[in-house]
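Chain IDs A, B, C, D, E and F follow the sequence of writing; residue 1 opens each chain.
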């Protein structure tokens, strides 16, 4: 599974943001399917400011797509 | 919480920019929930020009989404 | 082949996401056509958090294009 | 202040580009408020080609938003 | 020459993707016109996963523009 | 000067691409105004594949804005 519930439509921005985080994580999982490997990588990654910024960058792009899909929840 | 007040709509560009900064920070917090860890990372990050540029990059992308949501406050 | 089935139109977000992954991989293959070389690069890449984030970044951009092509499957 | 004059609307592309540069710099200032620290970082940053490219990247994204806000000054 | 045939319009997604690759390469050539230098750089670049991902990233952005120009070949 | 002729409108994609290259270079010049410094940085930068890719990335983003401004020269 790459897109939870197979939809980009969410009730509000908060849930859209949660979806952006999930989609980004599911992509990483698709590329590196080993749960053990991903768990082993997490401490180094979560303790590095530039790694966190790079992850936030990806979430920002996923969110841009989801926000457009929902007409920005106007 | 990932999106303050659960909306992308703001009264003007200045508040839209503030929201972009907040959303970017809340994403970092969602990925690294430890307040201590984030505080420990801050000096190295805030004292590195490339780290600052990378952070400004993420804010620029969040702002693009928020600006579109608000029809660019025209 | 760079775009499977020569279309960006997919039935739903899940298949759109799969297409984004495929297109990203086919681009890498176009730039580095050697199967052996790509296979040799994979372990180092799949075991590095920043490399995985960079790959997810590319998938996010491909997906943005595919999602727009499909009117976000609204 | 994050957005000078609190508007994305400018009379022409040149002033829109100037605004993009200002907005990018104001974001850096918001993240690193110390004038001394930013001044100390500048020589290393302005003397590194990759740092300059990364900065130009951010300006390009800010400008894309400003250009859209102004209907590309058509 | 920076844009082959001086158009972004292509008959289908496959040819649009080929154009994205060509445009990205022509930009590199415009910045580094020496055929010898580009040839010398290629092995190190094509044998580095992060370099390949960065190149695929650029192609993704060029393709986004070309796809929009072609109304996504709907 | 940041935008030559103070317009994003160009007669065709080729000239639009040239404008994208010029705008990117003018931004670098605005951040690092010293001709000597920029000249000194050029050899290292033009002889590094990742630096070239990063520069092509910025051009791709500038071109996306210019292409949209010109309705993709359809």
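Throughout what follows, a contact is a pair of C-beta atoms (placed from the backbone, for glycine too) under 8 Å apart; a residue touches a chain by one contact, two chains touch by 3 or more.
Nothing here was measured: the structure is a model prediction, and the numbers come from that model.
Subunit D and subunit F carry the same sequence, and matching their CA atoms takes a turn of 60 degrees, rounded to a multiple of 5.
Most remote chain with respect to subunit D, judged by CA-atom centres, is C. A straight line joining the Cα centres of subunit A and subunit F is 31 Å long. In terms of their C-alpha centroids, the spacing between subunit C and subunit F amounts to 27 Å. Contact with two or more other chains is made by residues 50, 54-55, 57, 61, 64, 68 of subunit E.
Circular chain order, beginning with subunit E and continuing to subunit F, reads E, F, D, B, A, C (contacts as defined at the top). Residues of subunit D touching subunit B in their complex: 1-3, 6-9, 23-24, 27-28, 30-32, 37, 41-42, 44-45, 50-51, 54-55, 57-58, 61-62, 64-65, 68-69.
Interface residues of subunit E facing subunit C in the complex, by the touch rule stated above, are 12-14, 16-18, 21, 46-50, 52-57, 59-61, 63-64, 67-68, 72-74.
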